[in-house]
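In the two complexes that follow, chain A is the common piece, with chain B as its partner first and chain C second.
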Partner chain A sequence: MKNTLLASKRLALSESGFVFDPVSGQSFSVNESGLVFLRLAQHEDDLDKLTTQLVEQFDASSVEIKRDVQDFINRLQGFLK
Partner chain B sequence: MSITVAVTGMNARADNPGPGLAIARCLKESNTPTRVVGLGYEALDPALYHRGFVDRGYLLPYPSHGEDALLARVCELHEREKFDVLIPCLDAEMQSFARLAPTLAGMGIRTFIPNSHQLALRSKDRLPELAKEIGIASPKTQAIYQANFFHSCQSQDWQYPLMVKGLFYDAKIAYNAEEAVAAFHRIAGEWGVPVLAQSWIGGEEINLAGVGDGEGGLAGAVMMKKRALTDKGKGWAGISIHDEELLAAAQKFCAVTKWRGGLELEMLRDTQGGLHLIEINPRFPAWIYLSAGVGCNLPELLVKLALGEKLIPSTPTPAGVLFIRYAEEAIVSLADFENITVWGETLRTEGAFA
Partner chain C sequence: MKNITTKNPWVAPVIVRHASSGMNKFGGVRDAQFRDEIAGVSIAELVEKYGSPLFVLSEEHLRQSVRRINRAFTTRYAKVRQAWSYKTNYINAVSAILHQEGCDAEVVSEFEYDKARRLGVPASRIFFNGPYKSRGALTKAVSEGARIHVDHLDELALLEEVAAELGILNFPITIRLNFDTGFAENWGRFGFNLENGQAMEAARRIAASPNLKLTGLHNHIGTFITDPRAYTAQVGIMINFMNNVEAATDCTITTLDIGGGFASRNAMQGVYLPPEQITPTAEQYAEAICGALAIGLKDREQHGKPLPELVLETGRAVVDEAEWLISSVVANKRLPTGQRAMVLDAGVNILFTAFWYNHEVRPARPVEGIPEDTVLYGPLCMNIDVVRQSVSLPPLKTGDLLSFWPVGAYNNTQWMQFIQLRPAVVMVRQNGQVDVVRRAETLDDVEEPERLPADLQPDFS
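Showing the complex of A and B:
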């Protein structure tokens, strides 16, 4: 998980949610929430702090956000090898 | 001042092109005005007729005619065209040109290619040995002379699927002994023996094209991930990437071999993220035009090295630039086709194909 967070720093992000990984050559699209997460992840290494920032931005409980973050990172792993 | 560069590999077939046309296109976009002379082996090599990138086209004798015939033809063409540099770019002709390089240099034709020893080092059947020296993993590879091997290989620690490869060209994934035997006979029939068996590793292929400066350095490099393949497994779309591990592998390869000339590293990143060396080609790949596309024109760089010019240190190339290959019909006048068929050269006057 830590590695995926670190790897997300290298991603090229566009306003449209189009994402390109310059190391693997993979590209994919994320929704608005995913884009918010990736933008935060490019500046924040600590997952707990990152989750706190998401809780402040979204109208959802901390438990829900943590679950969604976990799910998102798992999906992200597949693209960042 | 304009220079004249001879380029081989004019077999720009849609599904599996030789690199010559892409090299010519790069040279036409270089800062030095360049006259490109295409050297092909068949009258239907399309790039011979592409007047946009290739100013004149000539036929060479088939490699089976021997090096004396090849040298005689190059001498004859040099008298007419005054080649400054010659860039061979087909695997099967590299050894011949490596042996002829000193003679060509004596005639004033510069090449910038590996010598015979360097070529042998990266030969497909010696890849694991070289990979070990560079410190990179590589799949198990064995030279096979008899098709029977594929029926008994599972008792020798091999498992299906595995790759069946020609020493110069061609590769086929085989899921069982029957498929492997069929691939062996097809490849052996076309390219001779040995045929190579190589362990199959699942993952994503990544490639690097570069130029070794002959003194242990990598003068320039462009990295690419294939995004779409033809039926033959050749890339028809790809995107530039920047992978530090891949770059380090190429730098190590150049340092160990003192590689001189163009190269392509084919590597595979497995599902756990490990990097494996699959193949090293001793020349530019067919996708070399991407190098001009990302602002690091590698054929231009190679010509500068061949001419002994000073190089500006290369800068990292941008990731995220795509190439998408397409097929195009060359329109050739009957007179031009007649000329290349009968005399082995395209017409001196402008043909219909511009």
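Showing the complex of A and C:
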């Protein structure tokens, strides 16, 4: 998980949610919360702190956000191998 | 009072890889919208009141559907009877509406026969079809004057015995035929084969019996027939045989029963084109069938023979699009393959048609977010419990509702109590009222027929 967070720092992010991985050459689309997460991950390696920042920004319980973030990182892990 | 927050609403983060693939020249995107009501009643309110999962019938859709088929045929041929195929959905409220609309009953077992009789259908308006009718069932049906479709020689012999025992002469019967139309695969397991002479032999045997009289011919070419020309061929072959059998045995055929098989707007798995493009309308079926009748029967009355009644054993085309299944998301998962999965509270034990249809699946609320390929699993602890192998859905939370459509045909009859209890079926009436037409099953319902020997009662004290 930590490795995935570190790997995500290499992604190039655009305002519109277009994401480019310069290592694999693949491109992706993310939704608004996905983009916020990836932006935060550019500067934050600690998943708990990252989740706390999301809880401050979004209207949902930390349980729900942690669960969705976990799923997102799992998905990301498959793409950034 | 609602909490006021300045925070943004949370939608689960989604990332989708861009993939290049073949162009979809048809450009259609199914399942992209949402459905929050059925026949004007809120899905969320239905589930709140009656629970999830929940089958929801629409009386308006059902009546409009049967009326459209009736209109399509009665405006093209003088003598038409629709016989409601009980096995498609024999919930009493469904059958009752269709009988109110003028349908007869087509039943394929003693159980269905009794069900129709209990609902008040006169025996003379029941077409008793199917490959197995016990002596008791035949005795009852003959003595009550039902219309019997004979499937094989053993049944013919039994029927003759029954009629003789009851002292009945010239009991009118129909024989089931099978033959090759050149379109659908011949369902050779039902009835007497036409090409090898079995059917003519059966007719001769009936002609030789003082107790029986051949008055009808029946054939069912198959199921989900999407080419109306198959029916044109079927009717032509049946009329040809009618002429031959009348000439050979001096009988008079008064009924041509062409069975069922009309498709609904459901998406068959493995079929590339969407149902909107491949499912013929009632009018197209009617044109193909009645056109063939007009050609084949044009000289019949001049030869002193009556125009036969056309009997349609309609099922799927009548009821499929009049029912929805509402199910709740109980979990989101990520499979090892990376594919998103959802666990729903409705499985294949109640949505049997998920084995061969890709139903239309819609969330019950507008959902933001990037749609992602998703597999939908039911709640059964069985690997086969997949209600949809692949559907593009936006992110959904636990508790979100999904509607499956069309589900009116075969689910409420082929469903089974397996692992889970079967849910309620409600009907939205034409006046907007909602009636429970089949309550949810209980543990007592399942255990009532069981008998536990006293010495087998476990003792955990």
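Heads up, the rule we're going with is that the second predicted complex is superposed on the first by the 81 of 81 C-alpha atoms of A that agree within 3 Å, B and C clash if a C-alpha of one lies under 4 Å from a C-alpha of the other, contacts with A are read in each partner's own complex, and residues count from 1 in each chain.
Heads up, the rule we're going with is that contacts are C-beta pairs under 8 Å (C-beta built on N, C-alpha and C of every residue); 3 or more make two chains touch, one makes a residue touch a chain.
Remember, it's a predicted structure, so these values are computed and weren't measured experimentally.
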Just from the overlay, do chain B and chain C fit on chain A, or is there a clash?
fit
Identify the partner contact of A:Gly25: answer first if only chain B is touched, second if only chain C is, both if each is, neither if none is.
first
Look at the residues of chain A and decide whether chain B or chain C touches more of them.
C
Determine, under the contact definition given at the top, whether A:Asp71 touches first (chain B), second (chain C), both, or neither.
second
Once both structures sit on chain A, report the angle chain B, chain A, chain C from C-alpha centres, rounded to the nearest 10 degrees.
90
For A:Phe58 in the superposed arrangement: first (chain B), second (chain C), both or neither?
second
Working from the superposed arrangement, determine the closest approach of chain B to chain C, counting only CA atoms, in whole Å.
7
Once the two structures are superposed, pull the chain A residues common to the chain B and chain C interfaces.
26-27
Please give the residue numbers of chain C that touch chain A in the complex, ascending.
5, 7-18, 332, 334, 338, 368-370, 395, 397
Within the complex, which stretch of chain B touches chain A?
204, 206, 224-225, 227, 238-244, 269, 271, 273, 319-320
Parts of chain A lying in touch with chain C, wherever the complex brings them together:
19, 26-34, 36-37, 56-60, 64-65, 68-69, 71-72, 74-76, 78-79
Chain B contact footprint on chain A (complex, rising order):
12, 20, 22-27, 81
